[in-house]
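Next up: some structures, all given as structure tokens.
In what follows, chain A forms one complex with chain B and a second complex with chain C.
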Partner chain A sequence: MKRILIVDDAATVRMYHRIILEGAGYQVLEAINGIEAMEKALQEPFDLYVVDINMPKQDGYGFLSDLRSRDLPQTPALMISTEAAAADRTRAYAAGANLYLVKPVKPDELLVHCRLLLGEVHP
Partner chain B sequence: MNPLLEQFLSESRDALQGISEKLLLLEKNPAGNDLMVELFRLVHTLKGNSGLFGFPELTRVLHAGEDLMDAVRQGTVAYSQVLADRLLDAMDFVGILCDEIESQGTVDAKHTKDSVRLADGLRALIDTEKAGPETADYPEQKGVPPVPVDEKTDLSLPLSLLPEQTRVEAYRAVVAGKALHWLIYSPAEDCFFQGDDPFYQARHTPEILWGGISARKPWPKLAELDPYTCLVDFTTFSTAPLAELEEYFRYVAQQVKIIPVAWQDIEASADDTAGSAPAPHLPEVTATLAAQRAILSLSDDVLWLSGRIKAVAASLSGCLRAIGGAAAIPGMEAARDAALSQATAIPLLLWFDSQFSRPAEAPLPQHHLASGGPSPAHPVLLQSNQGDQAAVIVAPPGPEVDVKFGRRAEDAPNATKSIKVDQAKIDRLMNLIGEIVVAKNALPYLAGRAETVFGVRELSREIKVQYAVINRIAEEMQDSIMQVRMMPVSFVFQRFPRLVRDTSNRLGKEVTLVLEGEETEADKNVIESLGDPLVHIVRNSLDHGIETPEVRRALGKPAAGTIVISATQESDRVIIEIRDDGKGIDPDLIKRKAYDKGIIDNERMQRITDQEAVNLVFAAGFSTADVVSDLSGRGVGMDVVRTAVEKVNGTITLESEKGQGTRICLSLPLSMAITNVMIVESNTQLFGVPMESVLETVRIARADIRTIKKSQATVLRGRIVPLKSLNSLLGMNILPKANQEDEIAVLIVSLGGEAVGIMVDDFRETAAIILKPMTGVLTGLSEYAGSALLGDGSVLMVLNIKEMF
Partner chain C sequence: MPLIKQHISKSIEQDQRKRERDCTSLELQLSDPSSAARRWAARDLISCPEATGALVLQLQQEDDSSVREIILTTLTQLGDELAVASLVGYLRSEDVALRNEAIEAMKLLPDEVAPIMGKLLIDPDPDVRISAVNILESLRHRQVEEWLTKVIEEDPHVNVCATAVDLLGEVGTTSAQEALEKLKTRFPDEPYISFAADLALKRIRST
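Take a look at the complex of A and B:
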């Protein structure tokens, strides 16, 4: 089973994403900030990361650039934010995201992108 | 309710509480940068969450709040009292909406006006420098790429931008005989001054299928941007008939182009998307691929370049497999390895462009970020001018942006590790454990029967051993569940900063609130029952206790009054103390009032101490409307407070010194779920007496009981203790039984601080019981606090000592 880590400080958003992804048969774990996410990634790397930007302790940018700097399997990361500006998108890419979606992400939108990044059959 | 919505409401309430706390802290320390960052984050989270549900009223207000806090955080808007007031108002509104969503599942349409007003109020505070025209920030429009509109040739509409879903809907509309129209709405630059709301206008295009927003021309620098100038164009795609569209846009007819679209054009544009192999079909595939190219085009100058290249390769590999292009993976991996060994993304970028036909305009990166951002090239499917159009909006990540996000990492580390549990579940657990505690009491009874009735002593002993084990587990369990139910008093205290601030502002008084011992814990029910009495007391203190600054100065007091609310734990009680340094209560005034009201007689009025006098404010019937107006001191509804406190087995006392202030002390049990009672026998019936009122049990020789003025009393260790028979208190004319030594069992109880003896027939054991309040017609029997079930299944009536005398 593919493992996905949801990193978001908002419990509602985590639950929302969990419902969508678990419903699609993924194993979903959660972290509430970048630090916790890294702890989990170090224990066992994930196949995909779904990361929020603005979080306490360590934000999504910090987490992704840390992740990308480490000697870990480099799997795709999807960044989700409320900011639609192109500058934010660029910043996300620069930090290590592979895709940038703007909240609120519709269930289908999230699933299609996750399946794509995970290399699963054309939806 | 749907669990996601439940989670949302619970998280929202926490966030609202946090916001109001932080705002109040900020009021004291307006330069608190960390506070602002934390505030922004809370509002941001709330707004983000609200976007998941379709509550536009909620999102609108929160969005405005977020923008405002963002401006405050960046220092473009200064913190002010007005700002705090408006934000607090807005959050109150959000709280109301949350309540409504919880109770009705929807938001009433009547709130729309308020939400617009509040959002406008918040936005009005945003410095013109920060404000921008409200653009693509509503869910429906998010993530829609800017629509390049070729205004000269109507034929080359960017129909390929339409998502698959929209195409399907358009097809259905055509089949149903409807027309398709492409609308380009270019509002006049000064439209905001003409009362237009172009965004609203565009969004409400009749039968809208799809919409997009794009910049009319390259954005000016932020500093030069005039937020009152509309610089955006709206594109919508509708299935409404031409006449209806014309009617809808009749006031801005000059600014709207309505272009009929034939289904064939849409079909053709869909065919365009079938590009070179491997053929991506979905816009998602294109977007994902384009993102990888954009990432590869970024500056190589980062520490994590190899991680980035590997991650892009992993994403590309995923995409290729997903779209049936797995054959291309080895080539991609070779390019990746070359990129890794050369420490530059270029080999992979070259592979990408060879694999997916690169738009002619998308150049290889040369200066990367320094040249003003990458051009997000859209391989294969998007029209070639797309790259340019999009690049227009890409602002170079200048220093402003860096500052903005640089601070986010400093967000306060506030997360706690805890789970939220529905209170109903805990209550259920509590009831169940209560039943176990009672049910286990049947075992000793059973053991007794085994021995006396059936004569099996062995079995009786075994049952007792088993009972000891179950008893221990049950007690530990009970203890643990009690712990779960414990809440810090801060839960109640947290509302006071706001209350004191608002009330004192309104009254024109200056008040400093000091909270102490907020971490003191007590049972949830106790904590919750505390809320209303405390509010009442604090309000009274603000209203009548604390003087106005002028008066205080004249009296030589500091202009700002102080209210201290403190909580401490004393053995199994929580003591809450509320004291102020206001004008206190005049005991003479209280005495006169009490006399006028007939609460005390003349004799008592002469004899009563000042301390006793001020406590008369708790007497029922003391506070009536005319007292409020006459007596500009305390006393308003204090009997209500006392009743509420006594309901949870608490006591309340008041001390006041005229001119110096008032001190009110509440003493509450830590928990009220399990009551310990002493069981006594009287007239062959068993009664329970709550342990907290029992001082001691004594046996008094009948000869030592004297009759003084028709009342009975005895001398216990040199003190006179009045005696009453339980039978007579309960209206039974039967004398208490004496034992063989001619002694009477007397339960000494504490009644309002005095010791009183209750004569009973005999004492029994003490027991932990779950007290069930009297229901139905029995509620009128105030002599009883309630009933409880004993282990042998019989009912124990528990006495309410306070009400019996």
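Take a look at the complex of A and C:
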């Protein structure tokens, strides 16, 4: 079973994404900010990260930059944020995101992009 | 080796403490090349009510996050008009870390933030409105539920409402029920809004 780490400070958002992804057969774990996500990433392998940008303590950009600078498997990352500006997307990709979606994300939209990054479907 | 390090560290600390601690000297030390000196100065400026301008100026150019954190804490404690206005300005910052630090600082200023909250919640920039809702998360003020209810009743932006509805699930009472029901009809094509509103209603009804 593929493992996905959801990184978001909003409990309702984590629950919404968890229900969608578990319903599709993935194992889901959660972190409430970049620091907690990094602790989990160092402890166990994941197949995909689903990461928010605005989080206290360490934001999504910081987490991905830190992750990509380490000698860890280059696990794909889907960044999801309320920030819709082109500059935010550019910054997300520069930090190490593989795809960028703007909240709120519909269930089908989340699943198809996760499957894409997990290599289960092809563009 | 640890003894040497400890000795050096003590020397630095003593050096900082030997410097002048009057308000003018502390303001000058805010731009000291040593981040330790800047931290000390930012912390000690709490006893200088006229220091807000210097702190705000330094924050605009401060790269060290540990110094920024102390400057924001001191600004929060000073809590004067300029300090609050500056914190509001940081909500517009492109720097996510600074924006989040300002949100955390403003959460601690219920009396100072309350008079401007109404204005922040109708700011033309939806990102500022989202930040304002995030401030309400732990702002201990009697109007929090009223503000959040107004947001979900009137704000046209789905993500501002989404942020508010998450929070209403935690702090909302039965008086928010009608607005939560209406919210689902305002955004009928957004499954997340229905999910979050139903979750908030469930929590309110179970308490």
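Just so we're on the same page, the second predicted complex is superposed on the first by the 120 of 123 C-alpha atoms of A that agree within 3 Å, B and C clash if a C-alpha of one lies under 4 Å from a C-alpha of the other, contacts with A are read in each partner's own complex, and residues count from 1 in each chain.
Keep in mind that, in the parts below, contacts are C-beta pairs under 8 Å (C-beta built on N, C-alpha and C of every residue); 3 or more make two chains touch, one makes a residue touch a chain.
This one's a predicted model, so the numbers in the text were calculated from it and none came from an experiment.
Aligning the two structures on chain A places chain B and chain C in a clash. By the touch criterion defined above, A:G62 lies against chain B and chain C together after alignment on the C-alpha atoms of chain A. In the superposed model, more residues of chain A are touched by B than by the other of chain B and chain C.
In the superposition on chain A, contact of A:T90 is made with chain B only, not with chain C. By the touch criterion defined above, A:K103 lies against chain B and chain C together after alignment on the C-alpha atoms of chain A. With both structures placed on the common chain, the touch criterion links A:T82 to chain B and to chain C.
Within chain A, the residues touched by chain B in the first complex and by chain C in the second are 10-13, 15-16, 53-56, 59, 61-62, 82, 87, 103-104.
Listed in rising order, the residues of chain A touching chain C in the complex are 10-13, 15-16, 53-56, 59, 61-62, 82-83, 87, 103-107. Against chain B, the residues of chain A that register as touching in their complex are 9-13, 15-16, 19, 32-33, 52-59, 61-62, 65, 67-70, 74-77, 82, 84-87, 89-91, 93-94, 96-104, 109, 112-113, 115-123. For chain C in complex with chain A, the residues that touch the partner chain are 94, 96-97, 99-100, 103-104, 126-127, 130, 134, 158-159, 162-163, 165-166, 169, 190-193, 195-196, 199. Interface of chain B with chain A (complex): residues 3-4, 7-8, 11-12, 38, 41, 44-45, 47-49, 51-52, 136-137, 139, 142-143, 281-282, 284-285, 287-288, 291-292, 294-295, 298-299, 302-304, 307-308, 310-315, 317-324, 369, 373-374, 376, 390, 393-397, 401, 405, 408-409, 411-415.
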